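Sending over a structure as structure tokens; questions will come in a sec.
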Amino acid sequence: MAELPPAHPFDHDKLKEECGVFGVIGVADAASFVALGLHALQHRGQEAAGIITWDAERGFSSAHRFGYVRDNFTRADVIASLPGQIGIGHVRYSTSGSKGHTQIRDVQPFFGEFSMGGAAIAHNGNITNAAALRRELIERGSIFQSSSDSECIIHLMARSLQRTIPERMKDALRRVEGAFSVVAMTRTKLIGVRDPLGVRPLVLGRIGEGWALASETCALDIIGAGFVREIEPGEMVVISEGEGVQSFRPFEPARPRFCIFEHVYFSRPDSILGGRSVYETRRQIGVELAREAPVEADLVCPVPDSGTPAAIGYAHESGIPYGMGIIRNQYMGRTFIEPTEQIRNMGVRLKLNVNRALVKDKRVVLVDDSVVRGTTSRKIKEMILDAGAAEVHFRIASPPTAWPCFYGVDTPEREKLLAASMSEEEMCRYLGVDSLRFISLDGLYRAVGEAEGRNNACPQYCDACFSGDYPVAPSDMIEKGFRLKTAAE
Amino acid sequence: MAELPPAHPFDHDKLKEECGVFGVIGVADAASFVALGLHALQHRGQEAAGIITWDAERGFSSAHRFGYVRDNFTRADVIASLPGQIGIGHVRYSTSGSKGHTQIRDVQPFFGEFSMGGAAIAHNGNITNAAALRRELIERGSIFQSSSDSECIIHLMARSLQRTIPERMKDALRRVEGAFSVVAMTRTKLIGVRDPLGVRPLVLGRIGEGWALASETCALDIIGAGFVREIEPGEMVVISEGEGVQSFRPFEPARPRFCIFEHVYFSRPDSILGGRSVYETRRQIGVELAREAPVEADLVCPVPDSGTPAAIGYAHESGIPYGMGIIRNQYMGRTFIEPTEQIRNMGVRLKLNVNRALVKDKRVVLVDDSVVRGTTSRKIKEMILDAGAAEVHFRIASPPTAWPCFYGVDTPEREKLLAASMSEEEMCRYLGVDSLRFISLDGLYRAVGEAEGRNNACPQYCDACFSGDYPVAPSDMIEKGFRLKTAAE
Amino acid sequence: MAELPPAHPFDHDKLKEECGVFGVIGVADAASFVALGLHALQHRGQEAAGIITWDAERGFSSAHRFGYVRDNFTRADVIASLPGQIGIGHVRYSTSGSKGHTQIRDVQPFFGEFSMGGAAIAHNGNITNAAALRRELIERGSIFQSSSDSECIIHLMARSLQRTIPERMKDALRRVEGAFSVVAMTRTKLIGVRDPLGVRPLVLGRIGEGWALASETCALDIIGAGFVREIEPGEMVVISEGEGVQSFRPFEPARPRFCIFEHVYFSRPDSILGGRSVYETRRQIGVELAREAPVEADLVCPVPDSGTPAAIGYAHESGIPYGMGIIRNQYMGRTFIEPTEQIRNMGVRLKLNVNRALVKDKRVVLVDDSVVRGTTSRKIKEMILDAGAAEVHFRIASPPTAWPCFYGVDTPEREKLLAASMSEEEMCRYLGVDSLRFISLDGLYRAVGEAEGRNNACPQYCDACFSGDYPVAPSDMIEKGFRLKTAAE
Amino acid sequence: MAELPPAHPFDHDKLKEECGVFGVIGVADAASFVALGLHALQHRGQEAAGIITWDAERGFSSAHRFGYVRDNFTRADVIASLPGQIGIGHVRYSTSGSKGHTQIRDVQPFFGEFSMGGAAIAHNGNITNAAALRRELIERGSIFQSSSDSECIIHLMARSLQRTIPERMKDALRRVEGAFSVVAMTRTKLIGVRDPLGVRPLVLGRIGEGWALASETCALDIIGAGFVREIEPGEMVVISEGEGVQSFRPFEPARPRFCIFEHVYFSRPDSILGGRSVYETRRQIGVELAREAPVEADLVCPVPDSGTPAAIGYAHESGIPYGMGIIRNQYMGRTFIEPTEQIRNMGVRLKLNVNRALVKDKRVVLVDDSVVRGTTSRKIKEMILDAGAAEVHFRIASPPTAWPCFYGVDTPEREKLLAASMSEEEMCRYLGVDSLRFISLDGLYRAVGEAEGRNNACPQYCDACFSGDYPVAPSDMIEKGFRLKTAAE
């Protein structure tokens, strides 16, 4: 099989969103729309994708495939095998923690047959008490078919005494802790739910006489759907062709804590999150960074592609010219056979090249979105210096990433996070650059529109990866030995 | 088979380079280096690639594959089947004119066994008298195995009475007209040749004790080779481990006419052509364009990715803010099944999305590298207006493309070129934009460093696609009915 | 994907066994043995195969693949992914009744995680009350992942209150009706069970210090295991490395009714069933047939390959020379593109050819194992006559197949069985042959060693496909409207 | 890729025909007929197949694929890519002597474009002066694209001064030595040629208004074509729609020497060779063998499948019962991962199993077609004895194979042929059987209808593999050091 190109040039050295969800009701050929929506959400998960539809004649149909949406769900035979006017889909990224390889049966959406009919469900996020729930369900006779935590939801629904699928789903989700944006379907209803804190995004769109649910607005754009509104934290919407959109509030009310890293890196720049353009937020981060951490320099360069909007903002605010000092290879490869005569930094060279003529003898500000392990940053610095740059100054569009995420993002173990064990100054020495500055947490809050910065008494966002302040206790992880931040830290 | 993602978002509406060549001698595992070099040249041809090596034990080994280098030449078994310290390779793009589909036997490098030993040859460019040569060779008993014009060179060599392969190659190339940069090899020699006008690029690099030849310097960068110099127009270099680089001049001297479009679009921005950074030239085109065709506006946006450097230059010179108004989908797909409820401009949506929040109510300057058929430009304009832009002004980083190229570039027939039948004003109306301006031919010459602009008496570059001034008569095409520009035009 | 060659030349016109099972314990590299065992049982199911093993380090590992064992389970990476000294496997044939296509999740063995550990299970046969059980289990909250009836067993086990897996399996199997030979495993135990009537075969073998269970003895032969004994009807064996083979009797005692068609067609001729060589039984059927239905003729020909032993017996008993009048193409294809100029009986020609020189002007006795729809028999007759045979006499090595099987064999609906609506004489006219004779039911019983023929009061075998006498009521099918034989029929 | 099952259970220990050819003219959808014809000839070569057709609109079309005809040429898209009413095809077996792996460009038919139009050619046999011809052609400027000797014919044709393709083919074939049955085509003509000795078969058939050429009559049967006659040794037929079949005699007359091994093993038993049924000849060999080498025994068993007709003959003549003591696995696999606990004779077990119940305590006559290296014979003997046979007597349906074939058959080097260095008695001891007898050369001649046996003065057949009497000097091989039989031997 042809090898998949990596999702991002520095794939292995980034936090990675684990999922994207999409659903549609009330359109002919729902599967074609779901395929397009998932394609637009491909950046949220590249390992595998699945689609389930329902049609009066064929009942529920499903297809789950490893690889890109464009390689699997562009085939007429696959789409023809998914008839119906209602459908949901999912793209997934494998979690680093999984033992061994993902099996196709781990790929969502999951399907369950209940006595009142079938339901399919897909979710973006992570259930923090999944291990405990799983143990309890097995004890009572449930058979799990996947290693995925999300399967818990289906089993909880199967055991509910409620008479309708939406009511069973409420029952089930009330037992579940963590971050989740769910898209589900029955034969006649499309359902969307966000957890009480609204950690992961979920938006509602209108297409002709039908409706769509998607992780991001960019997936509405691709199908020509209009953006209606976000599903609210703690809200469940049940959409049917007859009754339109009905809204429920199954959970205890809570203050929202949307993931701030969606603004920094996960979401696509052309999406709208919480009423704000992601691109504009990132540009604004660059502006804040230029104010917080100015430097004398000749050139502002983004680390492509995610550092680009912040670099544009930094250049604009600082008045230093903006230029493409690093060129990304559009045909990135994950691996090549390394010749015996070793090539320095070959892994990075496969993905980018320094624009030598541009950076030579210049003092260069490199703007990147985040530093995770730091391995790639070191190599980029080396390449820039090899090309003759006079100075290298790193400016990072997020605070130091010092804590793992347990809400649906693939992060290394804490000890592998550079910022978990080093101060900014130590990191600067470790990376060997002339200066290194991260945006402050308050600066980041300002960039997302909180003029006063972070409200420490009652933070407006989930920023656990920077602050160690986890809004939902990661109970499974604590059981496995994870140590929360102490008051002293 | 997984479908290949397109080379470029507007693939079908661009001129396309047809080939890239690479060769190396004097390194262990030559094939690994060739694979890397071809990967760096992938933008010059995505349809297929081939590598030939030579090794004392195994003799000549070859592998030719359809698809990306990263998908075929990253496998250990493939590279292991190509042993040796000398090797050459080729990436190709299919020509629009070919009847039916490319066969694997059309993929270069070609190999020929002569009485004094074997030779392999790959070339970038196009032989303008190939049809006539082919007829003559068949008449005398040569059997062609491919539809490729390049095979003529091998047959001409086979019939030469010279005693060495380099001498036979000189014999052969003297019979050939057109544009060609050749990389060839025998058991002990790596050979590079550029046609007398030097239409296509070819550079020499040094790697350890060995040498490399490549279409562009970016392919030297990826293997860590140093850039030595360009092969000169009309020069042949014969490189062997013992004698190093020997230089010959097999052709009648001529004034060089390097392809100016390599600067505009074909070459990678991180390559150096004729001593100039391609990125810098493109940025300078933007600067010239801002001077020649200023406009009141709120935002300068590149059409990604090739319009980016010129947009940066335009923004800098004009003082209008630069922004990413169009976001490219990193997981581009060529085709999806279109739902019954048609999606407007679906083809373009698969590849990019408008950053609605950024362009809304703005007067937008869109900077693109060229306009070929104009079909994509219209769709982009529509998407920008749908997103609420107040005005759309197109600025094009090359003069109107009014003539086909016969020197190794895939161009539509003349009647399909928008500029062949419309004036700038007519094109503006056709595209439905508020203004449309192309850089002037003189402006382009200034941007590539000719302060005085084009020397019409004796032009410094080949610019036939803009000017209709063909430096080598396209004799096969004329035989087929192509009409050259008349004095009156 | 390369198309699978058909299992048998007249695939679509045969009853088909649906499954084969195999298990092994106490050997290094259990998966290699299971793969070999399944290869030897490939004739029992060609659609898909699965293997599950257990290893202290890796836990349970599984691989399920569509296609032949030889194409999927001969790869070192697949076998290496299945470590352990205990393993079970399954080959399956798709049932004609399934709606749409088989999904990979329908492929056995199935796995379930219970609170006391995991278990895997595979079965050959059919559960006749599966639909009712499934309904009941879903009502109580079980989630089915496949359309396979066998999954019921896992869910019944999950809900059992017993403390050990073998005890839970007893609980589960007591709820199940129908025909089943089960092979199952826990981390330390290999388990085999046959239903009370012992409809499907299951044998025990010894290999070194380990043990094997298999549907047929030919699967013991391939791994060099010695044949120990058959698992008895209604017996459960639990095999562990420490305690060897323990035998249990979980069911109410019943008179055995082994499937007589296993002797006629399903099993391989080199297997031993009930102490009798299948080959020898088939040869003896030919002998009986020659006695019951003699004819003046010049040549006895088998319809290859399954008719061969009976043809040898018929020729020997009758004294008529035996010859290969029909030659099977060893590279059978399922489909070719039929040219516009239609080829008569193309489907049959792809698979066999008449040995024209041999049959010309001869009176030919064609010996086949069974007649199901009769379509193939007609075509073979036509080809034989086209080749110039003087007469064609069909002799069939089983009685008329007039009733569908509900015990794990894929049979057409009753109305499609030729013998369901025609007498022997009508069939003879329909097939257009000079004579047609089936062996009598008593003759068949004599051939399998029952010197007195069938004991109608208390039949020794299950012969429902011939007699309509179903030893276990097919309750799901009756619910769907299947009408049992009335006393009058 | 799914692994190809072997052509024959003892593939590696048999002489192997290297090619089959097929051509058709004057039918709609010629490619479908060619595909069917090649499928019927698949036993003559399983490595790869190719088809070329011609159509007024598309010109010449071709497809060459590795693997079985049924896997590649059953796809509608492949056949649709081969339009026309005339077409030829080829199946090939790789020769053991080729350095490295076959390339797709080595797969016939070959195509050449001449000044008067194109021609395609495929051949069965071997050119014994190919190396010398190749050297000479390269010297004069021909470029070879394959390692196949057959390509010489195309180059010789290209250099001929004749005006028509048939005349050029005569010119070319007169320069060629060895054994060849050629099928070729131009835009309007189907051409067939047999070498002067007629070593390889070639037959002519009639289908509707069209004509077919095939290596064997079984390929006429599959398309429903009538058998007209054999092409005669030294004959060339040129068939066109207008003028029907024209016959030419381009060579010096010679006494025919048809390959006697085609009767013994290569051809299908349902083919007619030289007016004789292959099946009947093989049965007759068994009869002769029973006369020449009788033995007291209880059972005559064929080594499946090729030994079957001779075993039937032996049983009939001797009166010893015939039985299937060895059962072939219909799903043969080439390789499985061998478990650590080694399985004896695993390679053979994958392909066959002894019918233990049948052979136990019996004196068994095993009839096989030939003994090449003897390795498989030893293993079969062991399995039969392990199964409890009392005695094992080998009877071989051909004389000892003591010399390699240079006329299109893949044979081991002489030193690897058991009979090259051992007498019958030594072989008997080496194989460890109770007796071993080969049919005599005269006996074989009698079985093919030469009542007087071999005419040593002027042998009726080519029997070089038995006699060392080569009718055409293998000049290339002699140059490489092969030593012909001396008068003393």
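Order of writing sets the chain letters: A, B, C and D. Residues in each chain are counted from 1.
Heads up, the rule we're going with is that contacts are C-beta pairs under 8 Å (C-beta built on N, C-alpha and C of every residue); 3 or more make two chains touch, one makes a residue touch a chain.
Which chain is which protein? Per UniProt: A, B, C, D = Amidophosphoribosyltransferase.
Small disclaimer: the values here were computed from a predicted structure and weren't measured.
Steps from chain B to chain C, taking the shortest chain of touch contacts, total 2.
Using CA-based centroids throughout, the chain positioned farthest away from chain C is B.
Rotation angle for the C-alpha superposition of chain A on chain C: 180 degrees, rounded in steps of 5. If you average the Cα atoms of chain B and of chain D, the two centres end up 50 Å apart. If each chain is reduced to the centroid of its CA atoms, chain C and chain D end up 37 Å from each other.
The residues of chain B never reach two or more other chains; the list is empty. Chains touching one another, given as pairs, are A-B, A-C, B-D, C-D. Residue ranges of chain D in contact with chain B, taken from their complex: 58, 100, 104-105, 112-115, 135, 138-139, 141-145, 154-155, 158-159.
Chain contact summary for the complex, chain D toward chain C: residues 1-3, 5, 7-8, 27-29, 32-33, 35-36, 39-40, 42-43, 46, 67-71, 73-76, 79, 207-208, 218, 221-224, 268-270, 272, 276-277, 279-280, 283, 305, 308-309, 312, 316, 321-324, 327, 329-341, 343-344, 349-350, 353-358.
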